[in-house]
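One chain, subunit A, links the two complexes that follow: it is found with subunit B in the first and with subunit C in the second.
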Partner chain A sequence: MKNRVAIVGAGMTLFRRRMLESPKELSFEATRMALDSAGLELKDIQSVVSGSAPDAFDGMHMKGEYLLDGTGGIGKPNQRVYVGGGTGVFTPIGGWWNVASGMYDTCLCVAEEKMSPLHPHPQYAFWSIFDQILERPLGTTLLWIFSLEMRRYMHKYGIKEEEIASVAVKNKGNAVDHPCAQLGAKITVEDVMNSEPICWPVKRLDVSPPSDGAAAVVLASEKVAKKLTDQPVWLDGVGWTLDSTHWTNRDLAYPEYVEKAAWMAYKMAGIKKPRKEIDIAEVYDPFDYKELHHMEGLQLAGKGEAPQMAVDGVTQRDGDLPVCPSGGLLGVGNPIAAAGMMKICEVFWQLRGEAGKRQVKKDARTGLAQAWGDLMQVGTVAVMRS
Partner chain B sequence: MNMSQKITSYPGHEITPEDVREGKYLDVVYKFEPKYSWAAGVAISRFLAELKEGRIIARKCMRCERILVPPRMYCEQCFRPTDEWIQVKDTGTVNTYSISHVGTDARRLKTPILVAVVDLDRATPGMGILHNLGEVEPSKIKVGMKVKAVWKSSSERQGAITDIRYFKPIGD
Partner chain C sequence: MTPGLSTRELMFEAASRAYEDAGIDPRKDVQSFICCTEDFWEGISITDEYMPDQLGAVLKPLCTISSDGIVGLATACMHIMSGIADVAVVESHSKISDVLNPDEISSFALDPIYNHHVNADPRFVAGMEMTRYLKDTGTKRDHCAQVAVKNKKNALLNPRGVHGANLDKRAVLSSKVAASPLTELESSKTIDGSIVFVLASAQKAKKLGDHTVSISGIGWSSDTPWIEDRDMAKAVYVEQSAARAYKMAGIRNPTTYFDLAEVDDTYSYKELQSLEALKLAGKGKAGKMVESGTFDRDGRLPVNASGGSLGVGHLLEATGLHRVLEAVLQLRGQAGRLQIPRVKKAVVQSWRGIPTATGAAAVLGN
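The block that comes next holds the complex of A and B.
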């Protein structure tokens, strides 16, 4: 790598079920906040990477081009990255290529999503990710891949629904302290268990909501970062891998592609024992069981052992390994690409000690953000250091 | 409550369900109704033709010796053409299952859809396909349960995954 890469600013909008702002306006708000927090103007930015998940939500093709005015990308080297739910963490990975390669000293990374335009429900857009000949005729809904994976994961390791529900309780509870959160709430395991079974074993409160929102970070080379701030957060490891769309041919109990992405990021960051060396983790949690499934893929828990860590409180904000101190997708909300970027923002604020009521108890120096998506086939991982 | 202690205001305006009902904001409604005609491809065309005959066909890669369902003309792991067609059984094992109370557009269903990944007998272990379950109480479904395809009659079959109505439990 020619340049060590730092995050020097972060910003985000409110996450809500439906926002008045257009996708461009949401992008502008998050981007402006990120620039302000870095003490930069658009003229200081050399390249731009934007991320947005399925175009089908907005019904607008070429979303990256559409967003350009709001992401600050006009007249600059611009790229849009897209790996479904993995997009939010893939966006700063795209920015990392720009800066680590030595091509640019500054790069804006902006993720935006409006899920609300699609009716009767944004779920409908996901129908088209399934195989059009062999799967769609069966009446598929996106929830199936989660409920089938969750059931397999429970079966393989004898995991109880109540253990999984403890993750929803933690994350929605953490989100009470996040000013942008859509679904912060103090709930109980019983509330989750008694919520509507929408696609058993998945129940209403096991799932994150559809949301609108945007989030952004500014990346800078070491040389520029050190002039801008005495608190850069280093993006020291990035990793991403994909598996095949033949998801029914895969071991659903363990996300091997997440493990591969994680080791790519850990090796780059010089991390040999992730469980000991990672202080906080914003693990991708569109469903409560996914946080546990991903902790295992990320080597932060042994196979089948993450549920017990959640039950024992290890992953609480005051625990030994705080996971999703932001409140995660379950609590802050899930505007797909923006939700992954929100995780990058949270680790940035946590590692700078700026997270206020959400600040974890331990002295966090090394953090991880991860996202996941497409047809349950992609892992995107970023390791960050103060 | 701060997102960052250095940030004190949070941009964005929420539209509430009340705002929508009261017509407090302007929107533009558009319906997009395209029509597609997908060529099924070399491997899946044969697979569909076999379904029409009441059979499930796979492809075998002689290098890794995997029997692949759904069939593909190339092995994505060995990255070479696959070698031969192999008929697999229409029986298998429930790898995982779910009871879906929602349809494609997330509307609630009156009768839940029973859905499963079924690992087919004679294919390489773990080679599952997505399908529905039938003739079973939802509470009686188990991972590891043996199942068999229930086919439409030959006159009803049209070369589609739905030529199999569903899989039903069979004794061990």
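The block that comes next holds the complex of A and C.
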């Protein structure tokens, strides 16, 4: 690596079901906040990386081009990186290679999603992620395949719905302290169990909401970062992996692709024992069971052991391994790409001790953010250090 | 057009050939795979889902860069420069034969509030741009037609050149109007195809055979997305891309530096506009130079000797990689009937098409 890469600023918008701002305006708000927090202006930025998940949400072809004046990309080298739901964490990874390669010293990374324009419901965009011949005729929805995966995970390790529900309780509770959150709430396991089944075993409160929003970070090379701030957060490890298209052919109980992505990032960051060395983790939680499933893929829990950690309170903000102290997608909201970037922002704020009421109890020095996407297929992982 | 093949089959074929040519096994030797695609062209949301298997990239780092193939090439360069890959693979394709309504797809890229409702052939943007370019630079209508004549003639020598033809300027100018003043014969036609490149670090490349071509400079850039705000006479994005690529390669005087150029000719006037932005011709001079034969196959600087997009066809986001492919074959001395003697330094440049003002440029050498 030519340059060590630091995050020097972060910003995000409110996450809401329907925002009045256009996608360009949402991007602008997040980038303005990130630049302000880094003490930089757009003229100081040498390159831009943007992230947004399916163009089908707002019906914009070549959305990276459309967003340009919101993302600050005009007159600059601009890349739109894309790995479905994994895009949020992948966007700063795109920024990482812009800086680590020595091509640029500063890079603005922006993730934006506006799901609300799609009628009658954003879920319809997901129909078009499926195979035209084999799957679309079934009228497949994402909820179907999630329920298959959740069921398989429960069956293989004998996990109870109540154990999984404790994750939703934790994350929605954490989100109460997040000023941008859409669905912060104090709820109980019973509330989750009694919520409307959408596609059993997935129930209403097991699922994150559709949202609009944007989030951004500013990356800088070591040389520039040290001039800008006393508190750079180093992006020391990045990893991503895609599994086969044929999701029906893999054992859904364990995300091997997340494991591979994690080891790529851990190796780069020199981490050998992730459970001991990672202090906080923003694990991807579009569904409550996914947080547990991903903790196992990330080597933060043994196979089938994550649910017990959740029940025992290990993953609470004051626990030994705080997971999703932000409130996660379940609590803060899930504007796909922006949600992953929100996790990067949260780890940045936590490692700088700037998370306010959300600040974890332990002295956190090493954090991790992870996202997931496609046909239960892609893992993206970033390891950050203060 | 390839109605009998799927996208995945096209990709498999191109990838197999590239891997064999480089002498690598994708499952063991490649650390990063990059695909340049856009969802709407694929008719699939999140197209990277359908990329890994046919590239030999299962459970490997693979990602989509939603841009022209040359930006994918730049991404591979950065992966190699940052040390995460020794060998990286870049793929891009067009499967336009699966798209029933290409014009409608293109118009979804227009601003949804101010432009989309125009409900016209999206090439109206090219018509406006061409008018402005001709007016500002004093370039003649004939000069643009000459670009189409030259490129379609060059393509007759190219086994990939399905739109090759022997035409004169009168035939070009009297063909159907696409978007005034642009005519149909000055407007490239989309075709199917997949292109795959294997990139390696300089150290690794030494072990991978004698036919390597080096990338010494690469740049990409975007002008404003607002059609109304642009200086339509100039390709600002090409000027910026070229400036970055030339700086990286340490080129001070591009005008006389290159032996070959493969540049954007999606529309006839684009070749002239791009040549000026690349500083291969002075402002307003490209027209006269094409007229006098400077850019012919036997001229001082052969431009689109392959036939370009007008002669071979337009490959959507793979168009940039097509230009790279033609330049690489020339640099390797493997261009067959197309071969131009003594090609050592080449420049390639691409544009993402209407309504974007985004492009990329690269400097290649052997």
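Descriptive notes on the structure:
Here is the rule we go by: the second predicted complex is superposed on the first by the 386 of 386 C-alpha atoms of A that agree within 3 Å, B and C clash if a C-alpha of one lies under 4 Å from a C-alpha of the other, contacts with A are read in each partner's own complex, and residues count from 1 in each chain.
The working rule: a contact is a pair of C-beta atoms (placed from the backbone, for glycine too) under 8 Å apart; a residue touches a chain by one contact, two chains touch by 3 or more.
Note that the structure is a prediction, hence the values are computed from the model and not measured.
By the document's definition of touching, neither partner reaches A:159: not subunit B, not subunit C. Within the superposed three-chain model, A:59 lies in touch with subunit B and with subunit C [touch as defined at top]. Shared-chain residue A:132: touches subunit B and subunit C both.
Of the two partner chains, subunit C is the only one touched by A:98; subunit B is not.
Of the two partner chains, subunit B is the only one that A:149 touches; subunit C does not reach it.
In the overlay built on the shared chain, the residue A:29 is in contact with subunit B alone; subunit C does not reach it. Within the superposed three-chain model, A:251 lies in touch with subunit B and out of touch with subunit C [touch as defined at top]. When the two structures are aligned on the shared chain, A:78 is found in touch with subunit C, with no touch to subunit B. By the touch criterion defined above, A:240 lies against subunit C but remains apart from subunit B after alignment on the C-alpha atoms of chain A. Annotation: subunit A residues 59, 131-132, 244, 246 touch subunit B in one complex and subunit C in the other. Subunit A meets subunit C in the complex at residues 1-2, 53-56, 58-69, 73-84, 90, 96-98, 100-103, 125-126, 128-129, 131-132, 238-246, 256-257, 260-261, 264, 268, 373-375, 377-378. Against subunit A, the residues of subunit B that register as touching in their complex are 1-7, 10-16, 20, 25, 30, 32, 36, 38, 40, 44, 48, 68-70, 76, 95-107, 113, 115-117, 126-132, 138, 143, 160-162.
Listing the residues of subunit A that touch subunit B in their complex gives 10-14, 16-21, 26, 29-30, 33, 37, 59, 116, 120-121, 123-124, 127, 131-135, 137-141, 143-144, 147-149, 151-152, 155, 177-180, 196-202, 213, 244, 246, 248-252, 345, 349, 352, 354-357. Every residue of subunit C that touches subunit A in the complex is listed here, in rising order: 38-40, 43-46, 48-53, 57-67, 71, 74-75, 77-84, 105-106, 108-109, 111-112, 219-226, 236, 240, 244, 352, 355-356, 358.
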